[in-house]
Amino acid sequence: MLINVPETVVADALRGFAAAHPELTVDVENRVVVRRDAPVAGKVALVSGGGSGHEPLHAGFVGPGMLSAACPGEVFTSPVPDQMVRAAAAVDSGAGVLFVVKNYTGDVLNFDMAAELAEDEGIQVAKVLVDDDVAVSDSLYTAGRRGTGATLFVEKIAGAAAEEGAPLERVEAIARRVNAASRSFGVALSACSTPARGGPTFDLPPGELELGVGIHGEPGRERRPMMTAREIADVAVDAVLDDLDPSGPVLLLVNGMGGTPLLELYGFGAEVHRVLGERGVPVARTLVGNYVTSLDMAGASVTVCRADEELLRLWDAPVRTPALRWGR
Amino acid sequence: MSAVLDAGFFRRWMTAAAAAVDREADRLTDLDSAIGDADHGANMRRGFAAVAAALEAEPQPTPGAVLVFAGRRLISTVGGASGPLYGTLLRRTGKALGDAAEVTPEALAEALGAGVAAVAQLGGATAGDKTMLDALGPGVDALGRGGGFAGAARAAAEGAAATVPMLARKGRASYLGERSIGHQDPGATSAALLFEALVEAAA
Amino acid sequence: MLINVPETVVADALRGFAAAHPELTVDVENRVVVRRDAPVAGKVALVSGGGSGHEPLHAGFVGPGMLSAACPGEVFTSPVPDQMVRAAAAVDSGAGVLFVVKNYTGDVLNFDMAAELAEDEGIQVAKVLVDDDVAVSDSLYTAGRRGTGATLFVEKIAGAAAEEGAPLERVEAIARRVNAASRSFGVALSACSTPARGGPTFDLPPGELELGVGIHGEPGRERRPMMTAREIADVAVDAVLDDLDPSGPVLLLVNGMGGTPLLELYGFGAEVHRVLGERGVPVARTLVGNYVTSLDMAGASVTVCRADEELLRLWDAPVRTPALRWGR
Amino acid sequence: MSAVLDAGFFRRWMTAAAAAVDREADRLTDLDSAIGDADHGANMRRGFAAVAAALEAEPQPTPGAVLVFAGRRLISTVGGASGPLYGTLLRRTGKALGDAAEVTPEALAEALGAGVAAVAQLGGATAGDKTMLDALGPGVDALGRGGGFAGAARAAAEGAAATVPMLARKGRASYLGERSIGHQDPGATSAALLFEALVEAAA
């Protein structure tokens, strides 16, 4: 691993992030990344965060048109409430703060505590839970669906709404709408290696793959002999559509887990487009790349979001962050 | 076990807990990599190291204060699921102890019962869900039945071992469905270490 | 590997690229990616290309402010002259075409043949060779220094000059100047796996690394026991500075080879900034990310470019490509 | 070897070359992965498969035409270093053969000499640089000395084997410096296959 010692990985990365992005305010000590012009008068602020190891999520999505602040935790570990409270205080203009929380027990508990503390400080807080991963059944027997690729859609689209001046309830409602309209499915062709562990988090021999993985190096729902990109696209897209059933155009994210070359990811994207075409689903916008990653895991996920005109307009709105940037 | 427990005892407990999770961090992470995300050892080590250091710098005056203070430190330094859950366990236990300068083991057992109930409420888990509750519950029960710290540690360790055949219904392990069966829960394993640390603190 | 069969990897990726980037013209059959508005009247065109497996280089750099067209070859194999001639014909407005060629025997020979053929068709062609890799000594005993990370600097800055309306000789001169002012050094923490080979291109046990690698999965100059990010940054930056000796501000690219998580790359970037600071080299701009990759190789490279005011201005000029995008 | 060689022979040569590089593609790629970029087998397979298919579709009338046509196809389909180099070898050899309907082995040896010289000029390499020239040169020389196709194939194979201890001075292998020593050059290895294919075409 290209690191110093496991203990300083997150702090080291934040120092490097600060050096590379002078356009953002990076508090390395307290682990908060903030839009330089925050608080923006009258604007609802978006705060997200989660374990590190998913870069560019979330710090790479801080900037005009998307997040106001991000709180990186330790690798694969939710940040602590102190970070979120500090972030909320730094970005709140009085118009309130939306916490974008991926649905993991740790993230939920820590953001809940933070929301209580922030409200104690007089900050109005709303929360949206992102839970798009169809590989996990949303039942009493699980912690509910995981939050994965849809996080990008929620943060981009709700961020655009906030930038347009929408009030907190409306930003929150749009964020919920995007989440409800999004589903994801992921596969792993290798495990990932966390710094603390120093090696792969599970044993996946070459020639096998895991279907239905999340983004924390955990094994998936099922192990299978290696499949082709075509076959994987069939499984992933069908799993997503089974649960979503879109009638109109969709936003598509073909997301790399970190270790899959862009060359392969684009080829996989071609197969995803093929299946969606065969299923009669028109793709309005496509994003291909490593956006919601799992360290060096080889693999990919497919996220589909049912889009109406408003969501498309907000998707196309200008965004200016380290990892996502267009318009203006 | 007839002796009353003062703030020094609770500080020793936290220091022993820090040593135990440091010693066992790799095992906890290994267990977590089988059915979770391979960070439980690092999480517990980071949290209890911070607790031990903070108590060194600011030794708290009463048993309750030690635990409330330790719980807050855990919440501020661990993150993940275990940070708020263990943090709540210690804070609520500490609050239940009030501001007495010394407490009896019986009072501790009762306070721990309140702490465990708070954990169950916060996480929404119950016995058999393959979580830390499956070690915390039996440990506290044994203590309440007068089993002493050693008996509690034994019961907690047995509780942790009993998570192996369970199907996880809470936390990350639940994502695995049937594949969670056959592995010991990392949080139950660290919970058992907390009871072992009680034994050490009393020795 | 997330592929169908090795034989179709490049074509599959181009199909996916076309689907994801409707703003570009992608000729999948003939393997040419072209700016949609080409030829731009009066504007010098930039054409680059090289083996696939280095994505987003080069196709990801096609668009206003950077390349006019890119020609992807097979994996790690220079494209053929037919592609380059076709690209040149598609983008030439009469103002001439600059070929940006990384210094590898295959690329040089194929682009040379293409230049001859394009000139036969009445297209004015200039060429710039990128050779920034200090791990290879530029002597009679080698094919000369390899072209690696500096390619991004050359394509961005010469692309900006062309966009401003500079004539061919001037665009060529600026490209040469950027190349002459740039040096790179790379390390590998793992080999990469090519589709054709189906496995790692060489054997690198965990706990060892290769210093002085290129971007084609070839072993480096020297194998060493694993080093920390701090130590690697010392070696890489010193190797670069030894050969460059910058007095003023520099552009810095901290480039991932593909398989190193962004989290680690930013941490490595922090160490690179530290060494540069210790050596008294002010960093004017920093780019951190996977830009010039070697499939799934774990590792990173450092590229430093001595920058004057003109280069900085051209660097900051607007760019609108899939992988690099700012301004406007 | 007294027989004259017609266009059919040259087409058979190209078909046999396609079969040989297809058969040996993995070995060529293995050699290239040791000191190059692991694509030489795929490159040669793709190029000669295209040549064989194109000649099937458009059988060329004369020996010279077959080789010029084949050379062009290589240039258009291979890429890398080997595409222009092998393409030039065949094109220049073909050009040197002129438009005769039949050529003698002696004429082929001479024409190949011109082809090899063109490769040396294009790539700037000389004997001993650990490139395809180290098999092409000895092969052509043996043919010119009347060693026949079999003798040429033997000499080319020996030439390829002799690249093992060489330090590479051209192509990617040169990046490795001393570490290029001890490995056989992939291009020299494929060059030897071309001479083997000559033997097959004559059989």
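By letter and in written order, the chains are A, B, C and D; residue numbering begins at 1 in each of them.
Note that in this section contacts are C-beta pairs under 8 Å (C-beta built on N, C-alpha and C of every residue); 3 or more make two chains touch, one makes a residue touch a chain.
Values in this document were obtained by computation on a predicted structure and should not be read as measured data.
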Checklist outcome for this item: Touching chain A and chain C alike are none
Next on the checklist: Averaging over Cα atoms per chain, report the distance between chain C and chain D in Å.
Outcome noted: 31
Checklist entry - Hey, how far is the Cα centre of chain B from the one of chain C, in Å? => result 53
Item to check | Junction residues of chain C, two or more chains touched | outcome: 75
Checklist entry - Which chain D residues reach two or more other chains? => result none
Checklist entry - So what shape is it, when you link every pair of chains that touch: line, ring, star, complete or other? => result line
Checklist entry - What chain pairs are in touch here? => result A-B, A-C, C-D
Checklist entry - In the complex formed with chain D, which residues of chain C make contact? => result 6, 51, 73-82, 104-106, 109-110, 113, 135-137, 140-143, 146, 194, 196-197, 201-202, 214, 216-219, 221
Next on the checklist: Give the list of chain C residues in touch with chain A in this complex.
Outcome noted: 1-5, 8-10, 12-17, 19-20, 52-53, 55-56, 60, 75, 189, 199, 206, 228-230, 232, 254, 258-271, 273, 283, 286-288, 290, 293, 295-296, 298-300, 325-326, 328
Checklist entry - Which of the residues in chain B end up touching chain A in this complex? => result 29, 33-39, 41-43, 46, 75-85, 122-123, 167, 169-172, 174-177, 179
